[in-house]
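Below: the structure, in structure tokens.
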Amino acid sequence: MFSYFKDIVDNRHDHAQSLQKKKSKKIIGYLCSYVPEEIIYAAGGIPIRLFSNEESPSLSENFMQNYYCTFSRSILHQGLAGEFDYMDGLVTAYSCVTMRLAFDNFQRECNFPYTRFLYLPGIIDTPDAKAFYHKELRRFKRDMEDLFGRNITDNDLRDAINVYDENRELILEIFKGRKESPPNISGEEAYLLTLSSMLTDKAEHNKMLKTLIKDLPKRKPLKAGVNRVMIVGSPLDNLKLLRLIEKDIGAYVVTDDTCTGTRYIMGTTPTDLMDKDPLKALVQRYMISRPPCPTKHSPNRWIECMTCPFRTVSCFALNPSPKRTLPKSLPFPAPERICRFRYALQLGINHKVEGVIALIQKFCDPHGYDYHHVTQAFQDVGIPSVPIEIDNMVSIGQVRTRIEAFIEMIQPVDYLIEPEIKAGVEI
Amino acid sequence: MAKFNKGKEDKHYSPPLKCWGLLKEVNDAYDERIKAAIDSKKPVITATGMIPQQLIYPFDVVYICGEWYGSICGFHRDVGLAETAEKCGFFHELCSYARMMLGSMIEDRGFLGRYPKPAAVIGTEGLCVGQVKWFEALARYHNVPFFVMDSAPIMAHDYKNWGEEAVRDSVEFVARQCGNAIDFLEWVTGQKLDEEKFVNTMKIMHRNELLWDDLLDLWGKNPSPITIRNLFTFENLIISLPATEDTTRVLEEGIGEVHERIDKGITGIENEEVRLLWNAQPGWFLLDTMEYFRSQGATFVASPYLALWGSKYRFDSVGDSIPQWLREWKDPENFDECIWELAKGITTQNSARPRLDATIEEIKRMAIKAEVDGGVWHAVRGCKGVSYGALGEREAMRNDLAIPGFIMEGSQVDYRDFSEGPILRQIRVFVEQVKRIKKRRIAKSS
Amino acid sequence: MITVGIDIGSMSADAVIMEFAEGIGRGKIMSYAIIPTGWDSAETSKKCMDLALKKANIKFSDIEYIVSTGYGRVIVPFSNKNITEISCHAKGANWNFPSVRTILDMGGQDCKVITCDEAGKVTSFLMNDKCAAGAGRSMEIMAKLVDVPLKSIGEHSFQIVDKQAMISSTCVLFARSEVMELLREGVHKNDILAGACDALTSRVLTLLSRTEVQKDFAISGGIAKNIGITKRVEERLGLQAKIADEPQIIGAIGAAVFAKDTILKQREGGQ
Amino acid sequence: MKVAGVDVGSSTAKAVVLKDDALYYSLRLLKNTWKVEAEGILEMALEKAGIGRKDLDFVVATGVVDDDWEGVDDWLSDVSCSANGALYHFPSVRTIIDLGAETSRVNKCDETGIVTDYKVNQKCASGTGMFLELVASALEIDMDEMGDLGLKSTKDIGMNSTCAVYAESEVVSLIHLGEKREDILMAVYNMIASKTASMAKSIKFQEDVVLIGGGARNVGVREALSKALGVKILVPENPQIVNALGAALEAKELV
């Protein structure tokens, strides 16, 4: 049932190359889930996300020190080994300095016909940032027009956006079933869907998703009475880990907050803006609608924090400072999105998770600094968590014992709060 | 094991600078000010070293630079603080400055006695991601207002393809950020920005940057009149009090003394044998290791990292990927001009770093200018911004200039990440290698 | 009923045979066996099992249920179920000292701090993965180097001759060569051992300090036999540690108890 | 002309005496402080050469020997020494890989023996002879047999850990997973090889490649390494004394 998706993930490059040949499509590689793929797609290209693999990233040794995460080093390693040579271009949006270094090296060492570093401001969720990114996207659109030798009308953009939104909605549709007990699909299968969607023509993918939705009810349900866990943290593209958790140890990954999982498909493009200016709509989607990556900030987040409806104290475990009362009138607009941590928590609660596995890429700063806060949020509602530092070559021995012991430890949570009221978002 | 004992009469003796007295005086005064502020009502603003401090100085506040704070914690070898932070889930892999400061915050102790609780925190996007996250953690801990200063770098291709358009967008974006920052500070402090003070600070800051550049140029003379240790001590001042007249005074005195030295023929270390280039932060606890370089007759004469605090660096290294007008400094007369000059400065700075092609060009230029025989890169564990592209730079130096390089794995302040024994041995090997190559080059040329 | 817990650790394999009065009661240890883990641990587990059976003088067929634990838990050919050593140590410690809430388990490869509830169920745990991973290992290496039998390291480490030696490297391998250098410089072995024990202790303590150590805390695992460590830990914590007379088999005991629980559950299910 | 080179490593001491063109060497495990060892090992070599200390024109020391040792005329790092020594054996050598007890190092040199680039393990002890020792003891086999045993391997196991301590525990867990000894050994060799190879690649190694140091005695490592680098690997008949020899040659130069 999932063989189609598994095949894409397993032989991603063969698949992409076949698209390139058979359909004579341009393949544009990208490094970060913030890249506005819709524009590339509208131009008639197929964006393919680059992932790590399990080889030791030896070729990157000369370009990135060993204290940059293996995720990025592995990607660079593959690039230097010539695995991406067939691609017609490489695009990334500014997320973290590590990826930036990888990209700089790509520009210098590999000769892609076209490379582009989109500066996505570190602060999203302000008029300035949106305005700036809108301009940046306009330029990117013109780039694409030059590269593909055709101009991109607003309608092209709308069509592309519709395909993408449909894809998001279809996957989300399937993911709804993960709230059930037992879930309709395993975590590995879920990741197969999101990962494969980043590696192929979305239109095709949508077709297959529709058939999957038809077939799913027919297959016999997964084993009941198994612990439900959530994954938070760095980009996860190593299905081996999920297999370890689900097959060997025995627990379902029922949801996640990673940019290779739900974070990629959550948040559709606001329709009201679509009619006026599709680019504006995209800006809104990537900056506001989708769940943010830890590298992205709402500069006025503190306004929300200081009067956090969710915690009586600052979201720090250790002798935290009490909440403040703010003056009636503030010169600053309140943030449009809710706090990352509350989002993650809400997701977990809605999926009735009993434990959280924080998979942190070794040397991943953004998630490293967030670990304390996100686990703290879960702690508050009595959901335990365990940190697992991973790299692209997971040393199974230790990891296994840790996760297994954690699974043996967790038990059905009796939620201490009525989540809906507290966290106050629909997911 | 290649040891060195200071006891032995030293053929590479390094005479101390006279202006130390003044420097110390200024630094102590600063410490005092903070100590006082911890209890007084005066608001403490904690911000990153990359924040344009011209924005903060016009206000009557105490400014604490996070990196500076972390570095002094490290200077006191107080790793207990870092351990505290690690206990609380801030992984050992994170920046050691950050772990030091977070630890000091959690334990509410530090080299100033208690930890200075900020009234507001300002983080900066640009050099590295960790910086913002670290300051976000501070703000969340204290539940205080938090401002993120964003900036849009100009990528190489931008100016090529889009010309003025892209550049203007970036600078305007930054200018707006500066405006917002001032709104923020006015709200936090309840003070109104003093325009005159603002203009004045801008000018002082610019003057100090130029002085710093001069000092670095003198440093690069052959033979070099001062050592990198001297400069690190100056840097401490530059980071903590960049836009003050005190700093101007110290720098001027320092430069004067260096000129004096050059006339008298006094050198940073006696009988310098090889000239090296240093990049990235010093390990504040491994100044002894720097001494070891000296004992081998090696002295440092150039450093892109130190140049970061001047103005030349950011204007040189971005090459022709930005327009001329962006590099020209014009003395600002009013608020708007200040903001604009600031925006120009920040934009160029962030267009220059982190950016591989720019830093590589810069390092090569420096190496040639200062007649460098070898390069030493301090690969600072957990710091991704400053040691960005160290390997690429090393390769470029080797391939294009045939100058050997040595990457020294270490950390700014966490000596647990630094194994002195093996490193000393390697330094010795490296210096030997450089000497041999130099000897041969001289033999060839003669 | 008779159950067996077998713990295949990195340094030693332990098997415990326990007898429980039908369903109820604490149960008692019939026999136990400890043998060093060889390179073929399926083989080792059999050997260990047979030894225990001989001691208890019962037949394999008398055993109702077997739970395996430890690194080698997955490949014990004859076990009915496997559970991680973390859960087992909690269970086992709880069986020995019901009041215990914090357990420090120092095994050959790593060092764990486990907190549990009154039923011996794990509530949280910390595991050391850095160089201290060599906890037991490093001690073994030291013992070999200064050629002092592993069990008497403790005594030696307290009879400091000159002054406690300083061992800075955490990495087992570098520590090893550091010690060699010390020996060559003629430092007395007691002083070195003192240094080694102290270094290990402080590493253990950093781990302990990450959790609330309850007044009733137990030390289990092979290292618990080494008073050079345990005494120092107690001293620094200012707490009296509970140590079973045979701390090495705690994990196996826990496994055996789990075996009993499983049987009871199955019977309930059956009715 | 009579010169000598003394090399005290982290586990063995070596000395080489060059009597005109005749070569005499001595080698033994460390038992004492570097000074005693250095003196002792030099004496041994001198005995073999049948000459006395006073007959020596020049002595160069390397390794952990301190440069204020009165018994020595000059000190040269083992990096440069290895280049000298290797070139003496094979003039075509441009890359030297040294697997010592505690170091694993790759260095490049030109035809004159000047080291142009090198890389050493800075903090991690994996891939060193000492690590091999640990593995040997974990698998209960003899250091000298382990090389050949590894070659018998039939199955390819992946080894992830790069840190020695991890790797050791991984070896143990592989044992527990019931893997065969030869396969584990080969996995270990491959890990060491790939670690060393990536060091070599990162300095863009050139042929010919020579392998020296204690690790060179292990056939398995040798095989794995030449597989990983895709070149054939030269090994001098006494891989352990190459540095001492290099020191002696340097002494010859300096006379």
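Read from first to last, the chains carry the letters A, B, C and D; within each, the first residue is number 1.
Quick note on the criterion: contacts are C-beta pairs under 8 Å (C-beta built on N, C-alpha and C of every residue); 3 or more make two chains touch, one makes a residue touch a chain.
No experiment lies behind these values; they were computed from the predicted model shown.
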{"item": "Any chain that touches chain C and chain B", "value": "A, D"}
{"item": "Any chain in contact with chain A as well as chain D", "value": "B, C"}
{"item": "Leading chain pair when contacts are tallied as C-beta pairs", "value": "A-B"}
{"item": "Distance-maximising chain from chain B - centres being C-alpha averages", "value": "C"}
{"item": "Geometric centre distance via CA averages, chain D-chain C, whole Å", "value": "38"}
{"item": "Between chain B and chain A, distance of the C-alpha-averaged centres to the nearest whole Å", "value": "34"}
{"item": "Shared-contact residues (touching 2 or more other chains) in chain A", "value": "61-62, 389, 397-398"}
{"item": "Residues within chain C bordering two or more other chains", "value": "71, 110, 174"}
{"item": "For chain D, residues contacting two or more additional chains", "value": "123, 166, 169, 173"}
{"item": "Chain-level touch network, classified as line, ring, star, complete or other", "value": "complete"}
{"item": "Residues of chain A touching chain C in the complex", "value": "384, 389, 397-398, 401-402, 404-406, 408-409"}
{"item": "In the complex, chain D residues that touch chain A", "value": "158, 160-162, 166, 169-170, 173, 194, 197-199, 201-202"}
{"item": "Residues of chain B defined as touching chain C within the complex", "value": "83, 87, 416, 419"}
{"item": "Complex contacts: residues of chain C adjacent to chain B", "value": "169-170, 174, 206, 209-210"}
{"item": "Of chain A, residues touching chain D in the complex", "value": "54, 56, 58-59, 61-62, 393-398"}
